[in-house]
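Working notes, structure below.
Letters are used for the chains, namely A, B, C and D, taken in the order the chains are written, and counting of residues starts over at 1 for each.
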Amino acid sequence: MPDPTRRTRKDFPYLIQIPTRWSDNDMLGHVNNVLYYRYFEAVVVRFQMEEAGVDWINDAVSPQTVETLCRFHRPLSFPETVDAGLRVERIGNSSVTFAIALFGEDDETPAATGHFVHVFVDSDTLESQPIPAAMRGVFEKFAAP
Amino acid sequence: MPDPTRRTRKDFPYLIQIPTRWSDNDMLGHVNNVLYYRYFEAVVVRFQMEEAGVDWINDAVSPQTVETLCRFHRPLSFPETVDAGLRVERIGNSSVTFAIALFGEDDETPAATGHFVHVFVDSDTLESQPIPAAMRGVFEKFAAP
Amino acid sequence: MPDPTRRTRKDFPYLIQIPTRWSDNDMLGHVNNVLYYRYFEAVVVRFQMEEAGVDWINDAVSPQTVETLCRFHRPLSFPETVDAGLRVERIGNSSVTFAIALFGEDDETPAATGHFVHVFVDSDTLESQPIPAAMRGVFEKFAAP
Amino acid sequence: MPDPTRRTRKDFPYLIQIPTRWSDNDMLGHVNNVLYYRYFEAVVVRFQMEEAGVDWINDAVSPQTVETLCRFHRPLSFPETVDAGLRVERIGNSSVTFAIALFGEDDETPAATGHFVHVFVDSDTLESQPIPAAMRGVFEKFAAP
């Protein structure tokens, strides 16, 4: 696998802009490391709602977060706008793994990289379920070549 | 009305402890002013659930926030533990006004004072409703003499 | 004073867009009331930095929040983008009061209205100071007619 | 390595209590997955300040977060109080890896497990530095047998 820290925006087929907020910075003057996961969540939730058509409130089968990871390469800071990129890294029977990268305004390579794993579950029993076919098709479209 | 900035912990019949979190501080090294409302919310929600018996998810009539205000007298800072005091300042037909004060560890008088107004509404139509009788009784118990 | 709940976007000479985040919604499915102050802060901080030229880290005299208030008229909800409007309501010797309004995507009148009071202080002693002349000029430009 | 999901509170030599806040829950009625990292941060920051004596503002060499990971086994929910456990999993030349576990009130085994990696850096140049000797001694005391 190529080194994820060398990826650029064009390696991510889904990319959104996230304006930082004043209070995203902590006492040390940079975006607090917990907030990186807020940005991860932003790109994953928007992708799942807008591209895959997930509706967490009403769907009988919906994705649940089972693992997230972030590696911090360089600080991000308010007031810059962050670009958050997503690509589908792995599609299992019930789970999908997104590779995520965050780019600062002047960054060519990511300030942070990581992943986000969703498992589809029955919304009542919480037992894992196969990825619905239509969503699997969407994930394939956004997968790495 | 006596000056609320001179009140002490014993003027508040309901008082809870709130440990600050590292990230409650902002770039300037003090608790960010938005977080004061997080502490207000903490004491109001806990009072409404534990004392008044409010269940926001299931009750047919439940309180909704219509106005909040905070005056900032002195900074609070992580890692201190904050005391949040509440007293019922006014009981209307549908609404109840809580006076709130936040005390730092070494404060005799409040670091911040303010209020929080709840209106009881029909959970479906959102039309205002009289305060349920049992809750009104609780509010009277915690009202200023 | 005209009823602030009837104001529209054009009554606010400074207006920014704030994308909501998934987690801005709380258990009840609407933007949590504390977050409204996050949006207030966003528009005030950006105005002070970009228009008035405030630099909280380096300026010898800088604005400190002494009072904020919000009235909640209608719920806001992720994923809508909120318009936050600001106008200067009152200019004192040391203090400036901003009137704030938040508009949902389909709102003509505000979903929430409130104010935000900044007092200029000496960054070391925290004693109040006259508003620096250049900033006073900016505030006058954004004041209500 | 024993399965971390089977660990209990007594496998963690450093353990703190974290009261959840109303707004830690998201729309789905459980603690939002980003907040788990807020709890991770709480236990790591408190350990580093109180046990290892870290002072992020003044120390010439201080720890910086380079990687965090969380696996979500069962939901946590407000209003429960969470126990956050920490043990030192690995001590390198410049870095220390903490194993973290979060326990709900009725949990014998963790609701979430993960790790948090700190690298000590020169606060000016951000170049990595050996762990200061006194801190290394503390980390050894809290390491797994």
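The criterion applied here is as follows: contacts are C-beta pairs under 8 Å (C-beta built on N, C-alpha and C of every residue); 3 or more make two chains touch, one makes a residue touch a chain.
Owing to the predicted nature of the structure, the values given are computational and were not obtained by experimental measurement.
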Of A-D and A-B, whichever chain pair has more C-beta contact pairs: A-D
Longest centre-to-centre distance from chain C, chain (CA-based): D
Gap in Å, rounded to a whole number, between the CA centres of chain D and chain A: 23
Geometric centre distance via CA averages, chain B-chain A, whole Å: 36
For chain A, residues contacting two or more additional chains: 22-23, 27, 29, 34, 38, 41, 57
Chain A residues touching chain D - in the complex, by the definition given at the top: 27-28, 33-34, 37-38, 41, 56-57, 64-72
Chain B-touching residues of chain A, taken from the complex the two chains share: 22-23, 25-27, 29, 32, 34
Chain C residues within the chain A interface of the complex: 18-19, 21-23, 29, 38, 41-42, 45-46, 49, 57, 79
